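The next part holds the structures, each set out as structure tokens.
In the two complexes below, subunit A is the common chain; its partner is subunit B in one and subunit C in the other.
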Partner chain A sequence: MTSAGTEALEARSDINPSTEPPAPKDIAGRSPTRIALARLAKDKVAVVCGLVLLLLVLAGLFAPVICNALNIYKDYSPGAPRASDVLDFDSYPLVGPPYYPFTWDHPLGVEPNTGYDNLALLLYGLRTSLFIAVLATVVSTVVGVTLGLVAGYAKGWVDSLLSFFIDFMLSFPFILGALALAPIITTRFGGNSETLGRAEFLSLVGVLVLFGWMGLARLVRGQVLSLREREFVQAAQVIGVPTRRILFKELLPNLVAPIVVSLSLALPAYVAAEAGLSFLGIGLSEGTSLGKTIASARGYYDTYPLYLWVPVGTIMVLVIALNLLGDSVRDAFDPKTRR
Partner chain B sequence: MLGFVVRRLLSSLIVLLLASFVVFAVFYLGPSNPARPVCEGAGGRCTPERLVAIEKQMGLDKPVLSAYGEFMGGIVKGREIDFGASAYDCTAPCLGVSYDTRNFVTDELKERIVPTILLAIGGSIVFLVVGVTTGILAASRRGSSTDRLLVSGSLLVSSIPYYLLCLIAWIFLTLQTNIFPATGYFPITENPLKTIGGLLLPSLVLGFATAPAYARYTRGQMVETLGDDFVRTASAKGLPRRRVLFRHALRAAIVPIVTIFGLDFGALLAGTIFTEAIFSIDGIGRWGLEALDSPLDLPVITATVLVGATFIVVSNLVVDIAYGFLDPRVRIG
Partner chain C sequence: MSRIRGLGRNTEEKGGHTMRFKKPLIAVSLVTTFALAACGGSGGNGGGGGGTEGDVDQETLGDTGSAQDASRVDGPVEIDGATEGGNINVISAAGLNTMHPSEAYYQNTSTILSGLITRQMTQYVYDEDSKSMVLIPDLATDLGTPNDDFTEWTFTLKDGIKYEDGTPVTAEDLVFAAAASMDRTQFPEGPAYSNDYLESGDTYEGYFTAGNTLDGFTGAEADGNTITYKARKPFPDLPYWLTFPAMGPQNEQASADPAAYARKPLATGPYKFDQYTPEKSLTLVRNDQWDPATDPGRTQYPDSYSMEFQVESEQIDQRMLADSGDDQTTISYDDVLNQNYRAMEETGRLVVGGFPLTRYWAPDYRKITDVRVRQALALAYPYADAYKAGGLIEGVTAIPGQALMPPGTVGRKDFPAIEDMEDAGTDVERARQLLEEADAVGYEIIWPYAKDDPQSVAAKDAVVASLNDAGFKASPLASTVADVSTVRSDPDAPINVRTAGWIADWPSGSSWFPPLIESTNLKAEGTGSNYSIFSEPTVDEKIAEIQEMPVDEQADAWGELDEQVMTEYLPLFVTGYGGVAQMHGSKVGGMNIDNTIGQPTWKSLHVTQ
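Right after this comes the complex of A and B.
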């Protein structure tokens, strides 16, 4: 992304951006990360997106609490209404939309065919989406950064091998890869619905990571290739600092900006990918997912529009907010942007 | 130059061989048994003894390397495929026999690839025209409100998940308002007009969803080129603005865009699964998705993944070699 970004970070930037206090007013001695955060706080789009995201994250985080308080259920757990109580013979709901007036028992209505509560499905779906996306982002960042660091720092055959592996993985079509792995998981764990759910969850994160780490690895490798020749690394080598320390204490702090940027752009991509794969039926088939809800709600666009458009709108808002925030983060961390 | 081409060809071949082996091995060693649907479909009870016999007949008891060799041999020179009761003489290039339809995968592939190619061409026309024009427009009025509107608009469009865009377009434009004809693939040999009608909306959605990336890229390239000396010279000698933009600046800026287009086109040929699934177009992507329904159609999945990877690798190769011809600096690397 920005080679100049890392150069600007040269001075000192081992500060963790998440625990950063609000930028102080004084001009002297601000680290580039601080400057970026101060820029971000002034960006109206970023602030609005951040607030929207905070709301959605809280909704997902407290899904069980909210569902308990409202007494709504996403499955047939004890206490949930039976399907025959809330559904008509034609499988459309007996309470709430589309044919009956609004009720506080089911603020967004109930799902046709199953009788689950739509709000509960939405909250738990949000939880699943965010959980999977965050997990995949963290793991793929760790993998990408580590492999990129190693490939860039170790010359010779290690670099050639890793670079070949990166190119090899990039030549696999992502969705086709997911398509190929889905049946294997389903056949292996198909017997038990609980283990199937867990296996699908892990394999989904695995697929996202498997096809998601290469971009960052390439980027980090390129940066390390040039950083490796700098004086501070040579100095560390000369005084006998162990390689692992050079990699993670000397080189890594210089890569904060590209890593943060790639992280913030990976997150929306993973949210969209999770819902998309579940929509195609090759993501989660057990458990709750917004993509799965959209797939089953497709046919109801005419008769029960609320059932379809609420999850569609939620994913859209979530992904757009994440994307716009990611774009603002990129601008904020780019020293070439002047404001 | 020849050395560069040969080296690039060889490395692509290695990537393809490795990719095909990984795909093949994942299925071959995977938990699902291709003999089971054959055994159950043959009529009568599927006893364990019969299952083992069919496995042996299908060659599933062989070690993975020799089975892979046989599969690759089939692609090169054809092979015999035994399916319990019935045997198939599969001529080269043989990708196996579908468990579901019992047709040759190669034959079905030839049919299925037509809509995917048409869709890729249709989508490309739209995103090249829309994206490049928008990019030129934004770059030529850099800093103006038009520029800002185009840039933020393209950011917003590219932020929306693609499949939701497809879904919304499909529901609003064909199902509820009938603005566009019903989507799908109708054989081009029967009624070309109907074919175009069925692929019109999918191509437009695909094009408009991909266009922002091209707009941003074109804008960046054009802004750079417009600052160059030869553009200033062209303007200074009194050429009309349009001529400067299209004849002089665009020509210099278009090369990297062609590169990206080459890669994207390869990826489109690998199957636009969401587009095909939502608009019910019987292309490669939807074929692969359908093969997941039970009974699992392993030869079809293997073939779609393989063909997809081949398209991506080949497009990479073509772009690299073309670039080597266009830009002498690349040849050394």
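Right after this comes the complex of A and C.
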């Protein structure tokens, strides 16, 4: 399919021949995505960030396997040491840092107060963070794109209504919403810690989505507003292509660039938001989360620094890698901002 | 009968728990709230895994203030080496609840008032030799003269006592205060002993609610310089009740507006209010109307006190550890956080002590009817794990034991509540055997915890793991810090175990058994402080019988009852007793622990050098 976007990108790549191999045959058959990927592959920052990310994703993905192999636990499952087995009278670990030498039994030490293994907490926390961030990003992208497309393409009252709704949601304070929701979830699902854990997980994703889709929706709407008047859309309308087909087959492919860019920047924002909410105690109370670990490690910054700085550093690396990668993706998709 | 806020207006519901002590606000409360979510125990396998141990006297908890000395009547008190001058800063994570003497019932408010600002008929002072508190006269010339059956107590007021504005204190002011102390509508959170014991306490609504009148009040009478308290039933502990700010003199005119009086109560003690921003700060300056010659307990060394509230716990610890500048003359009555205990102890500026707090789990007696299941629960409870999860320090802020009455209570017996059980001795195997015997494997245990408090969640996880190991089915009920006490006091809540803590107001069994295990009228009163909803007619009779006994036989009888009830019924099991670990700056002298309530000994504080 030949669309306006492809033509535009091809035209631009001709303008900038220094970064493109002088092979006219290639140019003809490449989609904008392939071009962007090719650019990404040449971006050193993107490659490094991609590798770091891959490592973190694998660590999260294989958390159960790694924990099994190392025989470490993030909770009191059968076989796990209890708090009194590994902690001193004032809750400092009896094994590993800060007062005892390094041990392979607990490579990053154990958590004061609970006796959980810090590495296990880190891996599972990473898993939670990534899972929530990916899920929230996907859902909010779907919601944002759909509403943006509809609002931009439909004229009149539908557009006004959706635009008003977008503005309304944008003006709603995020933290306040999360704070208000947390106790409701607890009261409704508090009876059983399993359902509570699930409810908290879903409500966290829900809150992140609820307050995260509007930016993309606005962006998409703006793009659609201008695309709507282009010749290929008008031609499609004239020959009687159904609206749904125009939206998803004619308009959507032209929006890939802004969507990918917004997606890649939303991911780190959600990772940080999840950690932040859990830190504030309105995220996950059941299960493991990096934000939760950081919240309980705050008081140990000078006496047991490893406990605090490892999860903090991990979140930092994760967010920076995602952000830089997002920047690179944006650069790759939008030649105007290329450095 | 705890120094904690009451749960309702009903006089029988003075219950409380450790959460309420210091009016927890967000982060601070984490340590204290844990106590109600899942109280810890201690010791585990022989207590204290190693390393340093706290030097809390675990045998007696320092004997929580059972001594009396009626001969110490006159001042002034002089402390060797103490010099006048300087300012003492006080920092705490919690705000002050109310400073109205009639309603001050938290640890901090009641001791700041009675230690520095208001004088009462009797008072506690710290005794260096026994490291304990002694009850001595204050405004009274002795510790009172009771009649034969302790229903009438006569005291004589000292001459020349004045309020900070120069108005003389009269015996009528004490009658007025007693009448005001019965006002459960105006002062819902105040202590209610006047209602419980004094004459007309059950009929008179209290001074303000009754329409600013003393008509109908017959609990106390003034005659010149003497005042007579009249009780409906024997009240041998009345001199202890008179140490409360609620029973100190208040001028009827000056305190006509309770809201205004709460902002500036008139001082009779060595310090008076200067600036007070509720929940934020309070400064005290010398009260020149205080006559040291009449006061056998208090001193007036520092020029002033500056109290700052709602300081983050972590910040308090760091300031106290750093000990620089003004913080050298700073004290805090908050416990040191467990992660800073070692560092703080090395500085030598940490004072530790016990106080009569018992934390316990109360299985619902209506629901968990088989004593073997309750015993299995006590054996399965992970005392040491729960302590650590809750940030309590074994042997310092958490002390193991099994009797309901904490060490130091007169007449206390030390016994295993379950045969051969060690203090805080978790024994999962034995719990499982008991459950199998009772044919109750898989018994569901439901208790509330605060899911927005990480320590409460951690403690919950530890308890769940241990109970499941023993063959229970642990189903904790998620609640929030704000709601958990409401859930607990609802007799119809879908839970079968309640967690609680109880502080005695004076060292006698009468502040333990009647409130905690005497049958309550559930319909009319709710659970009250009988969190196990325990009801056994024979025990009720026994309690009534002991209260009628001659006073000198009561103490031992309470001890006997403790053992009998705990071994026979186990209506609740003790997860541990309380202790405190408080910090002071390097230039503060005279700071010890008032082990009747776990607060600093305000009366002897001074700035050194």
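In this section, the second predicted complex is superposed on the first by the 308 of 339 C-alpha atoms of A that agree within 3 Å, B and C clash if a C-alpha of one lies under 4 Å from a C-alpha of the other, contacts with A are read in each partner's own complex, and residues count from 1 in each chain.
As a convention for this text, contacts are C-beta pairs under 8 Å (C-beta built on N, C-alpha and C of every residue); 3 or more make two chains touch, one makes a residue touch a chain.
Computed from a predicted model, the values in this text were never measured in an experiment.
In the superposition on chain A, A:A182 contacts both subunit B and subunit C. In the superposed pair of complexes, A:Y300 makes contact with subunit C only, with no contact to subunit B. With both structures placed on the common chain, the touch criterion links A:P173 to subunit B but leaves subunit C unconnected. Shared-chain residue A:D327: touches subunit B; no touch with subunit C.
Shared-chain residue A:L87: touches subunit C; no touch with subunit B. In the superposed model, A:G276 lies in contact with subunit B only, and not with subunit C. Shared contact residues of subunit A with subunit B and subunit C: 182-183, 281-282, 298.
Subunit A makes touch with subunit C in their complex at residues 75-76, 82-84, 87-92, 94, 112-115, 182-183, 186, 189-193, 196, 281-282, 285-286, 292, 295-296, 298-300, 303-304.
Interface residues of subunit B, counted against subunit A in their complex, comprise 11, 15, 18-19, 23, 26-27, 30-32, 155-156, 158-164, 167-168, 171, 175-176, 267, 270-271, 273-274, 277, 285, 288-289, 292, 296, 301, 304-305, 308-309, 312-313, 316.
The touching residues of subunit A, when paired with subunit B in their complex, are 164, 167-168, 171-173, 175-177, 179-184, 187-188, 268, 272, 275-276, 279-282, 294, 298, 301-302, 312, 315-316, 319-320, 323-324, 327.
Contacts from subunit C toward subunit A in the complex involve residues 44-45, 47-53, 313-314, 317, 337-343, 382, 384-385, 388-391, 393-396, 451-455, 457-458, 461-462, 464-466, 475-480, 483, 494.
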